[in-house]
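In this document, chain identifiers A, B, C and D correspond to the written order of the chains, with residue numbering beginning at 1 in each.
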Amino acid sequence: MRYQAALQPVCWNGPQRNRGKCGLASTENHEIQHGVKPVKIAVVGASGYTGIELLRLLLRHPAVEIRALTSRQEAGRALEEVVPRFRNTAGGGLRFIEPDPDAIAAAGVQAAFLALPHGVAAEIATALLDRGIRVIDLSADFRLRDPTLYAEFYGSPHPAPKLLGDAVYGLPEIRAEDIRAARLVAAPGCYPTSILLPLVPLLRDGLIEASSVIANSMSGVSGAGRKAELPLLFCECNESARAYGLPKHRHLSEIEQELSRAAGCDVRITFIPHLIPVTCGIASTITATLRGGRTAADVAASLEQAYHKSPFVRLLGEGACADTKNVTRTNFIDIGWHHDARTGRIILTSAEDNLGKGAGGQAVQCLNLMFGFPPTEGLQNF
Amino acid sequence: MRYQAALQPVCWNGPQRNRGKCGLASTENHEIQHGVKPVKIAVVGASGYTGIELLRLLLRHPAVEIRALTSRQEAGRALEEVVPRFRNTAGGGLRFIEPDPDAIAAAGVQAAFLALPHGVAAEIATALLDRGIRVIDLSADFRLRDPTLYAEFYGSPHPAPKLLGDAVYGLPEIRAEDIRAARLVAAPGCYPTSILLPLVPLLRDGLIEASSVIANSMSGVSGAGRKAELPLLFCECNESARAYGLPKHRHLSEIEQELSRAAGCDVRITFIPHLIPVTCGIASTITATLRGGRTAADVAASLEQAYHKSPFVRLLGEGACADTKNVTRTNFIDIGWHHDARTGRIILTSAEDNLGKGAGGQAVQCLNLMFGFPPTEGLQNF
Amino acid sequence: MRYQAALQPVCWNGPQRNRGKCGLASTENHEIQHGVKPVKIAVVGASGYTGIELLRLLLRHPAVEIRALTSRQEAGRALEEVVPRFRNTAGGGLRFIEPDPDAIAAAGVQAAFLALPHGVAAEIATALLDRGIRVIDLSADFRLRDPTLYAEFYGSPHPAPKLLGDAVYGLPEIRAEDIRAARLVAAPGCYPTSILLPLVPLLRDGLIEASSVIANSMSGVSGAGRKAELPLLFCECNESARAYGLPKHRHLSEIEQELSRAAGCDVRITFIPHLIPVTCGIASTITATLRGGRTAADVAASLEQAYHKSPFVRLLGEGACADTKNVTRTNFIDIGWHHDARTGRIILTSAEDNLGKGAGGQAVQCLNLMFGFPPTEGLQNF
Amino acid sequence: MRYQAALQPVCWNGPQRNRGKCGLASTENHEIQHGVKPVKIAVVGASGYTGIELLRLLLRHPAVEIRALTSRQEAGRALEEVVPRFRNTAGGGLRFIEPDPDAIAAAGVQAAFLALPHGVAAEIATALLDRGIRVIDLSADFRLRDPTLYAEFYGSPHPAPKLLGDAVYGLPEIRAEDIRAARLVAAPGCYPTSILLPLVPLLRDGLIEASSVIANSMSGVSGAGRKAELPLLFCECNESARAYGLPKHRHLSEIEQELSRAAGCDVRITFIPHLIPVTCGIASTITATLRGGRTAADVAASLEQAYHKSPFVRLLGEGACADTKNVTRTNFIDIGWHHDARTGRIILTSAEDNLGKGAGGQAVQCLNLMFGFPPTEGLQNF
């Protein structure tokens, strides 16, 4: 991240720098060092768990300059007051402003990340796009191409159907070319990422029976957001494991949309999310029946072929199970698989950080594509 | 629990009672109070998590008299030294002895619980049965009727094939009559209990396609036993979720045996166990395709019919998900279900305590049947 | 617990009993069995963590008959709907009513437990006492004898100063005689219990310098109550440890009052509560300087003398550290100690369940004293 | 981190780079970019929790080149096999070798980190120093200047007393100049760091009574190491809080040594460590009596004066409590304080990551001093 003097009146906490401390994020001239011009960005709705993880990544991203940080609730406060973890870091002094599109545009922002509830996101996305700002939306508003599907799964008419034609589903391993050129990227949901990456190649290559797919996912509690609600209390989640959101969790809609695209036909699956007592991480276990004549070797080849150039997909190979412990706070997704020869099924296990590859990390990965940065820029965490 | 003076030389810690404290477990004359003669029992291998939970239940069971407590490792030590939770309770002074069948028989034991590793259990079971002691074995040694299946899943020849004909699979809700008369009960595994109880009625009533069954289970770490192994360390399990034991976990063998029995034909399923960071509890999520013409109402009727007289099976109804939080330290199993009309599948969720209904509680439930006690005797925990 | 037919119109869920299940709590005639007439009680404010734990204990208490269960928020709902853990237990069908003193009195209630916020508790306590109902208040309203101290620590004038003369501080190990006769018992706070029991004998016997006492306590999150607040979310508490409430946590007032009483002079201590990621349990670590000539043996003798007849105080002895793991869901408090000869200090460690001995269990212990039941009646959990 | 072709035969996994993936750690020429020549280092004993955290930091350190990685147990295996988190990162292919001083020297190593048990560390430190390699030892072997103190607290004679004169206690905020020039740095223990940083300035400035200091610390389980021992199992640590190691935990020796040095006189304190169910993090709460006439403002001034140039010490100010949640996986230590006017005590709270500022991060901070790198180089994590 890089700060310009011009920015300081807007959201830079001058006195902090004068405390005589060297903030942790580098303040060198990245333009010269990296030979790339940093992109000026905004993070809109930055005080939830996804927003905080986005900031954690963007504050250290060498080609990013944060020009605006918004939160209706925290406007006027410094980032480090709201998120004590950021205290004494170079960005800790950034101040939240109101989510005003004109103010964001006036700050010279080129791209905005939206970490807002669905419905709210579409409104500000429209305003920012109108002002020529590219948008990476982490809400569900632009993930579904069909507005009637949105109405079915989200319970209200789509708030900005005209923009749907412009939106690109932001799964870089599958849709890199489209993302590069997009002005509106819909970053995938956390569950869908963990399910699509293992399945898309297999469906594309015709290895599995589309109608046989069942996905069981276990998510950390941060996936439910930073909301003061009884079911999210420590004492309600600790020592608890349970399914929820059955049988039509909202994420099912985008999962089926993308699986259908890969399969070339309508795909209906069963998707069962669970809540478990970890802060971060999603582990998905997916079963599907192999099509006649297809083998575990075909599965391995399909996945290798799909991901051998993808820096964030780690294929653990046949016989290995993915563990969320190995991917938390990274942008990795780990994928392992087993052939259940007795039943003819393939069992795929995947693990990702729901806030990382499942949200903030993936959004940054999209940014890197959109602005021509190296794919792993700002994402070298492990 | 009740202590006789005669027992004291064997395993009673005299001085404790003289400390002037009133121990927590009642010492009244249960024979008169309840009109039943207490059964004299032994717990063999009582220092693991299952053994400790068994003791927690048996020490408060009004119709049980613990006459012997064995542990090769802890022989000579008092129970309360080994398990500080039992300090100052009436049974805390019980002393572990060596697992010697003659000593156990000499103590007048009528029934013995075996909380031992498989292989080891069969050997002592044989010796105890020879001495006229009824056995409730919590290991896997007598769960499978077919010794070749044992060899396939446990990797060694069955240690006592002659006894297999006598063994009863100890799932009281399904096999009550057999258990009542049995001299050798094989208490089911923790995973199997959570999968069989939801599925058996549906297969028996022909409601689901047997070949479509997939069971995903999440287990607390206590299920892996009290063993000093790296993967069970706090820092390895905390903030981790992962599948394991694929594709042929040992419990699969007994699950398929019992499902096949219910279905009246060979059943092959996919079973995927997971480890999650809770101490106790198993949540299982099971999917199956409804057979033509069958409905969710049929499922409800089948489960109601099967369990309306079972005090420990709580049917949460359609639309509810079971949560381990509500069953830990009880003998309950909660079962909920959803109809996924889009795919024609039924989704069953169950929750139990892996050490309770999945092990110790169920074993006590078998004891109640074997000795004619009320079904909930000693199991009224919540 | 025992239910009378007369009660059923008020708070009994008839249909449940007709389901054909045997509820888990016994419905035998305890009067005959135990030779004691059960006490008719009410639990007022029963939907928080303390209220739920109280109910868990009272539903199994053989000499208690729950006649009313109140919750402004849950009035009309069955207990088992609000607390799924209670499903299928004999009391699960009890229905919450509004906290109306007349209705409570009309139900024939002899004693009421109040699990309400301070301020609110005093009001209903007054009304219940006026109606001849004995009150065990688990709030802070009647713990302090001096209303100016209440105003200082709780920030508002005492709501019922006239009742203070009647109130007894409900620490059974210290104040048994007073509790027996009391019509208004103020059950101690969770932290105070864990600090007073180790310290009172030492101060009474003049073994430590009163001014040297420092108490550090770590509490599980349930101690903060069942409130939808951001700091109590799973993701905020998990992997977190922190002090809070410094330097004058409200519980300090009652700790000092009771220590002063034991010492016979004004005692001022430093008390530092901490929040750690466990659901239940308080571990307190207390340091104090031994007075001249006093030894660790004197400490041992003082504690032994104080508690050798107390069934719930477990003295672990010199050299042992108390662990919350061994006392959760019990009414025990474990106490160990070390002599730090290098500094002349005694280090005391105690562990209790904040909802058990620190709240609900202790309140039941008071009830047993007030109605002449055996001290461990209904509290034999481990 | 930077890899030279020359290193590859020793510990570089060639095929990984050829997989066609871009590893996550940069492979640019740091010498040119940063204008500093990278230091060639070894990590000796790299498979425990401290070793892994060290590697996590060093693999991303822009001025470090890892030339050797040793583990007696894992020799021959690739880092990413042993630590799956490192899979697909540039260093994941590094191979463990035997801890042979000659091999380490032959690899051109300039500095070695030792993450070994005490006793073992001294032996290899001697051999490495003899070969001209500077040593940063994370064990206790060189922390105490007085070998008799070592014998008292560690139970065996000091293994290399001749080296004690060369050893520098590696607390950069206190001993920066000495560290810069040192050939042997003894990185402080995790507890001592969290206690010394708040206290040293206050003792140096004569603000508190040295004899009044009491330190209570709560540590995550990783502090106990990666050892297959029963008390470290998930089920033993989860839902548990307890003191241990009383009254003379080994870390007390170095705490008192350094406090005495700051105070200019012998200091004896009471130190009480606790284990709580978090993976990482230490929270310390320290009380001390203010000396006559000293105020909270003096405390604030003393701490500000001591740390206003220290990038990793975050003074939260009076009235704030440190929370481990805000410092995990960083090199920060947070310090807050309260004045307990009623007792004349100051209460200091500190929070750090026991593996970060309490171990690996601090060792890297020492390296930066020893080789003239910017103080925050490689430590900009948050």
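Just so it is clear, a contact is a pair of C-beta atoms (placed from the backbone, for glycine too) under 8 Å apart; a residue touches a chain by one contact, two chains touch by 3 or more.
Remember, predicted model here, so these are calculated numbers, not experimental data.
Residue contact pairs shared with C-D exceed half only for one pair among A-B, B-D or B-C, and that pair is A-B. More contacting C-beta pairs link the chains of A-B than the other of the two pairs A-B and A-D.
The distance from the centre of subunit A to the centre of subunit D, each centre being the mean of the chain's C-alpha atoms, comes to 34 Å. Centroids built from CA atoms put subunit C at 46 Å from subunit A. We define each chain's centre as the mean of its Cα atoms; on that basis subunit A and subunit B are separated by 42 Å.
Shared interface positions of subunit D, i.e. residues touching 2 or more other chains, are given as 236, 238-239, 277-279, 323, 325. In terms of inter-chain touching, the protein chains here all touch one another pairwise.
Touching subunit A in their complex are the following residues of subunit B: 211, 214, 216, 218, 236, 238-244, 246-248, 268-270, 272, 274, 276-281, 283, 285, 287, 321-325, 328, 338-343, 345, 347, 349, 351. Of all residues in subunit D, those touching subunit B in their complex are 49, 220-222, 226-230, 232-239, 277-279.
Considering their complex, residues 19-26, 33, 56, 59-60, 84-89, 239, 308-311, 314, 316, 323, 325-327, 329-330, 332, 334, 374-376, 379-382 of subunit B touch subunit C.
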